[in-house]
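These are the structures, in structure tokens.
Shared chain: subunit A. Partners: subunit B in the first complex, subunit C in the second.
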Partner chain A sequence: MKKGERMKRWFVHIGLIGYIGLTCALVFYFPQSVLAFLLFEASLLLIYYAALPRTTKLFFAAVALVLLMPLLGIVNGYYLEVAIQVGIFVALALGLNIVVGFVGLLNLGFVAFYAIGAYLWAIFGSAHANEFLPGAHFPLAPSWFFVFLFLSVLVGALTGVLLGLPVLRLRGDYLAIVTLGFAEVVRALVNNLDKPINLTNGPKGISPIRRPPLFFQPILELLGLKLDAAVLYPLYFYFLVLLMVLLVILVARRLEGSPVGRAWKAIREDEIAAAVMGIPVVRMKLLAFAVGASFAAAIGVLFAAKQVFINPESFTFMESIGVLAMVILGGMGSIPGAILGATAVTILNLQLLKGLSLWLNTLRQSGIILALPLLGSFDLSQIPAQFEPAKYERMVFGLILILMMIFRPQGILPPRRSEVKSDGAA
Partner chain B sequence: MDLALSIFFQVLVDGIVLGFMYALIALGYTMVYGVLEFINFAHSEIFVIGAFVGVEILLGFEASGSLAMLHPAFVLLVVLFAGMVISGLAAMALERVAYRPLRGAPRLVPLISAIGASFFLQDFIRLVESLWRNSFYLSYPTLPSLEKSLKIGSAVEVPIKSVLVIATALVMLLALHLFVNRTRVGIAIRAVAQDPETASLMGIPVDRIIALTFFVGGAMGGVAGVLFGLHYSLINPYSGFVPGLKAFTAAVLGGIGNIPGAVLGGIVLGLVEAFAASYLSILTNGAFGAEYKDVFAFAILILILIFRPKGLLGEKVREEGV
Partner chain C sequence: MLEVQDLHVYYDAIHALKGISFSVARGEIVTLLGANGAGKTTTLKTVSGLLRPRRGSVGLAGQALEGLEPHEIVRLGVAHVPEGRKIFPRLTVLENLKTGAYSRRSGSIGEDMDHVFVLFPRLKERSRQMAGTLSGGEQQMLAIGRGLMARPKLLLLDEPSMGLAPIVVEQIFETIQSINREGVTILLVEQNAAIALAVSHRGYVLETGCTILEGRSADLIHNDLVRQAYLGG
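For the complex of A and B:
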């Protein structure tokens, strides 16, 4: 019995190592193949489901994320970009998951907090602040980036509370519409506050925004590593995003098991009963709003620094719904679910739909004429040029939302229930 | 100040036109909320479907060369009727596919499904128009008889288009009023809105009444869509979002679930928006301008929900204990 178990575990190990090694080799030899990279990405899912002890799984995931992913990113820089985007959306989805999943408050304006964080660093991390502040102190030195990361957490929490205070007494569906209205107001302000005082530079956006400092460059040089800035910065942002995702996961997990997290879930299940049991409902809701908002704002700072250029277009209602779709797909209230949902949706948008668009384009230019039985012939160059799957993100989000609600409202990886152990407190 | 006075009447007319448009759309939100206590988020796309049906029929007439030959009143009747029926049917189909399977689920579930339906329909319209016309930014063909203005007195001119919108909206509102208050089906709708369980005990087929409510609300939205296209000419699959959100604001402003309230809310909101758009820049010496008109609408929504969630005319829908 014990021997059989050990054998099985060896098989799982060898299988995992073999799969990861194989997909890595595929990406190395076919750097342009979307499929190879997708197979590699699937290895993380495999690790998650593998019948192994947690520490082993963590070790495998660490090898894949810290060692292999950056190496593949050097082979094809686009993959690193995809990984960074995935990380940003994972962090956003985890933030929204606290508000929507843990507490059951439908926040349709989540992107507003993201925008607030992004503009916070964009304004002071570029020369733009000189437009409305006397003197020429801006852009701030790159190391201020880290200060602003902390500052954005505070500003995010503050705006979350300011919005939450008046609206959290509203019923669920009204709250959804009000948060949506709030996000539209923020976007309208960002779009129009280039006059009378030029705070945001309006639709033209702000650039160039400073990137965080390369404080580790001397160490790399000591080690004899000389990397070009074009390679170094994506790697740097990749690790920053990875660090942030880990931090967010940690905070979300700690909160989930804490008395606060239990209070949140009690409110979600039955608000009146929770209030009767002595849970300060409004204060708890405010806390959730503040935590979610501060996550989003901090990620916004990172996003602005990564993009170097931001404008209001990045913060539309569609982004809010996209993040919502990620949370719903994975499973409301489930941390692994939010991660899976964000990864799946981002990869679908960035890789599968774009790949399909490119494929259709090559078909159009191929000049092939299909002869279909019964239907006659069809000239492939006749596929309308307006038809580009990559532009149909809304349809994807919409379908995810409807289908999940009808067929699997608990999501792909629903939260495990009753995992809270009583601590044996007498 | 001269400028402020000289544009006053123009702004008033624009505000009333906008207000009736919002009122027609708001009816769809408010009626559905009345029977189901649920925000039909995809109603803005039902409105856009009406606008696209209108443009397709007009472009069809134009392509066949009959647009100039047919009597304009006939053309308008055909377009309005088609927009009404197809939008109504689309709303019914939406209810059947995306909402009915979710009846009885927690409140947020149908709302999320409705948001999904809204996004899906936007891109679905885009897909259909892309395949069919290779473009999804369409503009209504001009009807020469609508381009004129009525002169009242010496200084005041009212465009025929505005008269058309106001007159059509008034006819639709009157028809709806008679339908809801004087017919047996209308009474059934009100009964379901008051208490669906008791209504069903009284022999009212609740499911069919709900479907019918969606049809009527969708039809109002469809008419509004055609009028929107005729008045502003340019449409695209995403043009419903902002008017939809404002119409919802209008419904809340008047008291959601309350039919006269939706009309009142629409007109108040239309006037506020038109006056804010025109006078803000005069009052602030150009520092803030028409671009803030959306902010006004959403600020009104937030303030109303905080301070008077029942709306101006109060709530007529039931309070659910659960």
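For the complex of A and C:
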């Protein structure tokens, strides 16, 4: 390696460490500052783009996610909640990316599989199952959570195939409408299956749902760490989500590079040509539906356990659209894109807009009176409450989508950066 | 090798093939000629399983193909290079070729890829490029190369000359002949009757879903009907 290059690499290292250290310190000193936490989150993006070898990047990312993030989470518990939500949506987006991005099947009802996973654990991980099953065996012991995590993968895959079988002959718009209908059917079922047999407890929802066991608590106590369950659970869920997201990324990447991934993309590009290349089109589409659905169902189990309470409200059509928007914003068919899209949208919703609202409120309460030339003076406390950005969540989101589709339709991180537009040979 | 008997194919109510029969012997190049709508593409699609015949039979070396799925037919050694090339535009040239080998799990894929690059050196230069960025001629080469990756015994070519400059057409047909000399049987559908008859051994003329004429290509070139209808006098 040339001397200049080595110098540059050192510079990048020091810069990265300096940035991460600085933002961490900021979060420690200003635990309520949304800006500080956003800057810290941006460090992950910096790591992704830094001109460093892969192993070094992975090391930095591991330090940030495994060590620093939990520490910051102890400083301000809400940050862990944000991180967990981000993780959940990343897993969902990666699942949907397989169906929409790799195979090109527009699925507008992806949240149905998420709901199925969530209710699977909600029903049996709470006392609710006693309503329709004899005896009083429920709630199941917390350690069953892990069994259900595994079970949800199978149930998700099965429902994916069941939905896929009748509808995969449809294409494009028709498939989209059927998946939309499927999700609404699932939601309607969940909403109304409180009679004649009470399976889902209807709109009232189910609670309390068991959380996974704190099996490591004795070990921590041996190490002299006495953490309260209220602190421990968010950390626990954070690491569970992190682990699941890693697993999902690994599976998605492996599939993408395999003949299966190539077959999926071939189907997306041209179904007829794919068929005459010897690709069993229907079987491959079913596989994609199954894999995507199993990701969603597994993360649904975790969602139910984390929330302790779930009801049909969490699984509306808007939720499906939200996940689809994450995939499109990030770049359809791109794994880094889906991750970035999910992270950006979740942070926008949970932090950026709420942060702006907070800032507006402080302004209002500050009692400052602006003297505007020509317009006279304006009392900041007169800013109407309707101006709060959080109230415009959907509008801001919609605007971003519109602007993205006009100026960068391929998404933030499209599959291959060297990609050149095709001359319409499709 | 390929035996097609009394094939009837419908698009819903439209009777597209009205009893087509023909055969292709091992090692031959056989061409199907005919105007638009004569049923040439429909015939190829039926052979490769994309369409189902309502009546009639398609046999490959004694095995019935009708009713099999396209991917099963590929496994039996039939590769279809579809009309309009239908390469995968947002996959690289290399990925396109690998997709062609999907039906085979054996390890000799690299060897076959090298062979395709010998036949079409241009593809090697562009192997990492998105297929959609290739020129029309290169896309046709890729489509044929992709078909060869399945190691077919029978190659179905649908209008390889479509939309290409005469010089490129000539190159491609030279390569088609050399592929045939290596032992691949070829069923060729063409509108360009002159070049199709020049490279093929035998030919059939289709009109509105029926075979109206058959013979050795050398004879068909001199046939009055063929001359008037397809060779411009």
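By our rule, the second predicted complex is superposed on the first by the 373 of 426 C-alpha atoms of A that agree within 3 Å, B and C clash if a C-alpha of one lies under 4 Å from a C-alpha of the other, contacts with A are read in each partner's own complex, and residues count from 1 in each chain.
In this section, a residue touches a chain if its C-beta (ideal position, glycine included) is under 8 Å from a C-beta of that chain, and two chains touch if they have at least 3 such contacts.
Not measured: the values here are computed from a predicted model.
A.B. asks: Let me test your reading of the model: by the given contact rule, A:Leu106 touches which partner, first (subunit B), second (subunit C), both or neither?
C.D. replies: A:Leu106: touches subunit B, not subunit C.
A.B. asks: What is the contact status of A:Glu269 with respect to subunit B (first) and subunit C (second): first, second, both, or neither?
C.D. replies: It touches subunit C, and subunit B stays clear.
A.B. asks: By the touch definition at the top of the document, which applies to A:Pro196: first (subunit B), second (subunit C), both, or neither?
C.D. replies: first
A.B. asks: Under the stated touch criterion, which partner chain does A:Pro166 make contact with: subunit B (first), subunit C (second), both, or neither?
C.D. replies: Only subunit B is touched by A:Pro166; subunit C is not.
A.B. asks: Taking the superposition on A as described, I'd like to know which of subunit B and subunit C A:Leu220 touches: first, second, both or neither.
C.D. replies: neither
A.B. asks: Tell me which of subunit B and subunit C touches more residues of subunit A.
C.D. replies: Per-residue touch count on subunit A favours B.
A.B. asks: State whether A:Leu399 touches subunit B only (first), subunit C only (second), both chains, or neither.
C.D. replies: Touch partner of A:Leu399: subunit B, not subunit C.
A.B. asks: Answer with first, second, both or neither: which of subunit B and subunit C does A:Met277 touch in the superposed model?
C.D. replies: A:Met277 sits against subunit C, while subunit B stays out of touch.
A.B. asks: Is A:Pro259 touching anything from subunit B or subunit C once the two structures are fitted on A? First, second, both or neither.
C.D. replies: second
A.B. asks: Touch test for A:Leu58: subunit B only (first), subunit C only (second), both, or neither?
C.D. replies: A:Leu58 contacts neither subunit B nor subunit C.
A.B. asks: Which residues of subunit A touch subunit C once you look at their complex with the stated criterion?
C.D. replies: Checking each residue of subunit A against subunit C gives 259, 262-263, 265-266, 269-270, 272-281, 415-416, 418-423, 425-426.
A.B. asks: For a test of understanding, state which residues of subunit B touch subunit A in their complex under the given definition.
C.D. replies: 38-39, 98, 101-102, 105, 107-113, 115-124, 126-127, 130-131, 134-136, 241, 245, 248-249, 252, 287-288, 291-292, 294-295, 298-299, 301-302, 305-306, 309
A.B. asks: Using the touch rule from the top, collect the residues of subunit A that touch subunit B in their complex.
C.D. replies: 104, 106, 108, 166-167, 170-174, 176-178, 180-182, 184-185, 188-189, 191-192, 195-196, 317-318, 321, 324-325, 328, 384-387, 391-395, 397-402, 405-406, 409
A.B. asks: How about subunit C: which of its residues touch subunit A in the complex?
C.D. replies: Where subunit C meets subunit A, its residues are 48-50, 69-71, 74-75, 79-80, 82, 85-91, 95, 98-100, 102-103, 129-133, 139, 146, 150.
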